[in-house]
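Supplied in structure tokens, the structure appears directly below.
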Amino acid sequence: MNKLVIKLTGKLFDKTSLLKKYVDLFRELGKKYKLVIVTGGGNTARKYIETARKIGVESNYWLDTIGIIASRLNSYLLISSLYPDAYPKPVEDLEELCKAINYARVLTVGGLIPGQSTSSVALEVAEAIGVKSIVNVSAVDYVYDKDPVKYPDAKKYIEIKASHLIKILEQKQLPGEYALIDIRALELAIRSGIIIYNVYYRDPGNVVKVLNGENPGTIIYPE
Amino acid sequence: MNKLVIKLTGKLFDKTSLLKKYVDLFRELGKKYKLVIVTGGGNTARKYIETARKIGVESNYWLDTIGIIASRLNSYLLISSLYPDAYPKPVEDLEELCKAINYARVLTVGGLIPGQSTSSVALEVAEAIGVKSIVNVSAVDYVYDKDPVKYPDAKKYIEIKASHLIKILEQKQLPGEYALIDIRALELAIRSGIIIYNVYYRDPGNVVKVLNGENPGTIIYPE
Amino acid sequence: MNKLVIKLTGKLFDKTSLLKKYVDLFRELGKKYKLVIVTGGGNTARKYIETARKIGVESNYWLDTIGIIASRLNSYLLISSLYPDAYPKPVEDLEELCKAINYARVLTVGGLIPGQSTSSVALEVAEAIGVKSIVNVSAVDYVYDKDPVKYPDAKKYIEIKASHLIKILEQKQLPGEYALIDIRALELAIRSGIIIYNVYYRDPGNVVKVLNGENPGTIIYPE
Amino acid sequence: MNKLVIKLTGKLFDKTSLLKKYVDLFRELGKKYKLVIVTGGGNTARKYIETARKIGVESNYWLDTIGIIASRLNSYLLISSLYPDAYPKPVEDLEELCKAINYARVLTVGGLIPGQSTSSVALEVAEAIGVKSIVNVSAVDYVYDKDPVKYPDAKKYIEIKASHLIKILEQKQLPGEYALIDIRALELAIRSGIIIYNVYYRDPGNVVKVLNGENPGTIIYPE
Amino acid sequence: MNKLVIKLTGKLFDKTSLLKKYVDLFRELGKKYKLVIVTGGGNTARKYIETARKIGVESNYWLDTIGIIASRLNSYLLISSLYPDAYPKPVEDLEELCKAINYARVLTVGGLIPGQSTSSVALEVAEAIGVKSIVNVSAVDYVYDKDPVKYPDAKKYIEIKASHLIKILEQKQLPGEYALIDIRALELAIRSGIIIYNVYYRDPGNVVKVLNGENPGTIIYPE
Amino acid sequence: MNKLVIKLTGKLFDKTSLLKKYVDLFRELGKKYKLVIVTGGGNTARKYIETARKIGVESNYWLDTIGIIASRLNSYLLISSLYPDAYPKPVEDLEELCKAINYARVLTVGGLIPGQSTSSVALEVAEAIGVKSIVNVSAVDYVYDKDPVKYPDAKKYIEIKASHLIKILEQKQLPGEYALIDIRALELAIRSGIIIYNVYYRDPGNVVKVLNGENPGTIIYPE
């Protein structure tokens, strides 16, 4: 059974009816693939981190930890919908993943350790289980070279090399909102030859398109 | 060092500035007491459970589990504010509590298992570590015999026997909002002789009053 | 493969030749069902709790914990007979159950946490894995409305609603020996729609009868 | 704080009033020493192993495992009496012991792995925490060179070298009942230079005598 | 699927091209058998233990522990070559083995606890999972009655009873290098009726020969 | 008690007599500080990774995992020398660290997860426990702007800003040997305001100098 790694933007977990469609999709995909779904922290993460700051927390370790727990709470929405096909808790480290993938059909992962994004997690997951591509269901439709809101001449990429995207990110011309992936994730993709299919999260059909060989967003090649 | 068990209503975690006052209080209390703080799930629990229902989850086990994870996310707000005094994760079972209380000064606990309230958790905690009273920081100011909003003649109790309160709860004349504690928690209180000091959550000073021997709310006696 | 939850009275573990018959039955059932067997503590639990009291233990938490460990020792009699089909240890929490049921054919569970009966455990197990009925192999043959030893007019129920049985139990006219199930277990049954087939433990054939659609004891409906 | 390792014969757990005296002793000793108490399986182990055999268990692994679980149930009698001074569960491996001894005052250990006696466990414990003597509270009063019941000329040892005792044991002239320690335990004693103070279990005062430098039984020297 | 337990001498892990041949063999055997491979510590163990002694470590517990960790590092060479067929970490206790063997095809085990050899581990493994023979891939080609280097008349055994070999080992006429197995391992073999096929490690074909019913080394019978 | 985080180059573990001096130093420092020591993988890591590649392992996840296990084997050399002051195993995740630091005086950490250096681990450790500086005991004496072996005009830094060093590293003019720290570690240092004291590993006195306020190497400021 082939393995499929999908990263979901945390934004999805605020859109209940869209989330339901993804759950239905995963139920179908779970029949054909071993699914590993990486969930972002989204609004809950942001809100709790903000509260933590307001009550005096300054440590990046703890702020990140709160974000990780929030991303796992999002994982539980998928688990509760997909059990008994789903592994009954979010995977908390890669060794647990490597074990559980032998007997569970759907696994969820939130953040793993402070100081890294859930995008990096998705690449670590792919590396650990030997998968050569991931689908990044993102809050951004395409990779751009500049902020498309500010710059009408921003270039939209259908394909891009990871090394090229790293350079764009180093120039920091993309606001957080448009920086759909971080440098560390791209470096992992390059070192292990993993293709990233970036698709817009508003339409679950985009995931199906990728599986059918189409490109509804931006393909990031590990070069 | 004396042990002090405090149950916090989940509502507190939506009121950031009030929460900050409690954190300051716990910082002080942590110097004099071994603190175990039980956190409710509050709005986050309710919101996630609602989302789970909407995407098709019917299992009470999974709905309760989501509530437990949410209550632990609330615990992390306290942990991140109080570390290194705080044990770095919410305690997940009573054996872990019995171990950790030997070397951590502040411990947090969210829900423990599906099918029981965090009020019951507070009583289980007290039983496990041999404490004979708990402070229940509650969204309700006093114990009433009827819904005080509907019934102008509702009786407010300054003191009440647990067995009496069980009878009131069995009659189900108190709406969820006013049922500040459940029968199982009261039964545990009776069997192990644990006094419950119920205080209103809007004023952290109420906890101090209890520690000073005053009664700012309702005392529930284990009889 | 269908799942089957069976609760065994602790009394069974004192009757070696009867226990052997159950083991043989489980070996057969394990070919057709995923089996989860909940074991009571029985005489070993009672004896150890009594010893604990005599050497000065008063804490309900610790007395219950001793009962839980004794119930797990009973589980090991089944495990040692049924391994490699059996999961090699008693399940200690519901998350472990939800994981292990994906790769083990027979699972055992003793007590889970202090303050609740192994009957409640059986209902929690059914809730967690989504099973809609359980077989309660009990030291009592039928549900009665009064102590049948004391009252010749005690009514024997072939069928009863859980809510009705709760009322009988609240009246406390049944001695411990006849109170084959507790209120909390019945409440879990009602909230999750789980039928309880109560059968007498002296004849393993009773379990087979239930599986064949017969009623050799009392059916408790979740209403 | 000095560490003290005491091995208790399983027989003690059938003698409630004697057990109570040991508990009182340990409460006192726990003020002056870090205590590690190794508990034998005794009658419960024997009874459960016998039942397992009768229901068809032949595997030595599983029979030994049942004995280990029974020895841990005995540990719980001590834990429940000595908590919060006691670590709240029997230690299950030596790494756990090496951790817990830093924050718990009294630790209990039952069997560790199939295929070895709890006497060996006591020596492994001493090795792991760097203790150079243990008190073996035994069902036999002294070391003999032959079965003292059968042979009126059996020699009673006040002191003996471990290597000498190994030779006696290899000749198998001591029935199980009198073989108070096994060869592997003695080999561990020799390799790590650990003195074994063997004392009769009927009088808790014997342990105090050893601590006061007296010899109420047999000293086994690691030579 | 039949289970196959193979013990590998630690020496193998210094011979990279030979190790590769074994990996290829295990890849093939993993299709027909559930494989449990026990890895010795070899040179890495010896070197680290020597370093530990030089920096002042005297405790046998810690020296053995270092040997165990080294043997697990050797296990990781097999795991990394055989994943996803291999369980992703060395098994650390027998309960973990009994669980994992239900869903992993290849398991590795290094040392388990201080004070015993990896040969004993191999027998414990066989006992735990109910296997009646093991292949001991050894640095010695045959069992001898004396050191074959020193004594030209040393007898080479094609078959030997375990009880006979125990006697030879008790006489200590075999230097460490030739003592391919220890007494405790042999005692476990006898008590559980496990045949040991000792074969020379230089030729992986020897394992195949054993599986084909040939005897390329010494068979040790559990008598 | 102040906390002190020290990162040790893996090279140290090949130099036994130098290692012994560090152990003596840590024994002293352990009286004044809570010590967390991060150990590199050194030669053992390199050798095992090379062997793994030769037997066909291509996955970066597994190659990194082998390096992590090797770095933990190095940790055990320190643990075995410093126990009972040392926590009895290398810490495997940051939550374990946050717990254990409350009761152990010396903790060791090897690698944590694949895809990151042990230098990054040292910064993660400092972040987690709230320490604002670390000592990096390195195989390189100073930070340079170019390879000092190739370029006689290479500049040696006594102080440098982390952001400046990041730029030097991005230009990749330093061979692996001289790249004593990686970009991710420096980014963590900047985000959490952690000073890195880089000192040459050949003289343990360098660590003492740093603690006395001297600068025997290069200070990297988190700017």
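By written order: A, B, C, D, E and F. Residues from 1 in each chain.
By our rule, a residue touches a chain if its C-beta (ideal position, glycine included) is under 8 Å from a C-beta of that chain, and two chains touch if they have at least 3 such contacts.
Here is each chain with its UniProt name: A, B, C, D, E, F = UMP kinase.
These figures come from a predicted structure and were not determined experimentally.
Chains touching both subunit B (UMP kinase) and subunit E (UMP kinase): A, C, D, F. Same interface as B-C, judged by over half of the contact pairs sharing residue numbers, among the pairs A-C, A-F or D-F: A-F.
Rounded to a whole number, the gap between the C-alpha centres of subunit C (UMP kinase) and subunit F (UMP kinase) is 55 angstrom.
Chain centres here are Cα means. That of subunit B (UMP kinase) falls 44 Å from that of subunit D (UMP kinase).
Chain centres here are Cα averages; for subunit C (UMP kinase) and subunit D (UMP kinase) they lie 36 Å apart. Looking at subunit F (UMP kinase), one finds that residues 59, 83, 103, 130 touch two or more other chains.
Viewed as a contact network, the protein chains fit none of the simple shapes, being neither a path, a ring, a star nor fully connected. Applying the touch definition to all chain combinations yields A-B, A-C, A-E, A-F, B-C, B-D, B-F, C-D, C-E, D-E, D-F, E-F. Across the complex, subunit D (UMP kinase) meets subunit F (UMP kinase) through its residues 95, 98-99, 101-103, 129-130.
Of all the residues in subunit B (UMP kinase), the ones that touch subunit A (UMP kinase) in their complex are 13, 16-17, 19-20, 23, 44, 48, 51-52, 54-57, 59, 62-63, 65-66, 69-70, 72-73, 76-77, 79-81, 83.
Interface residues of subunit B (UMP kinase), counted against subunit C (UMP kinase) in their complex, comprise 59-61, 93-94, 112-115, 124, 127-128, 130, 184, 188, 191-192. Subunit D (UMP kinase) contributes residues 83-84, 87-89, 100, 103-104 to its touches with subunit B (UMP kinase) in the complex.
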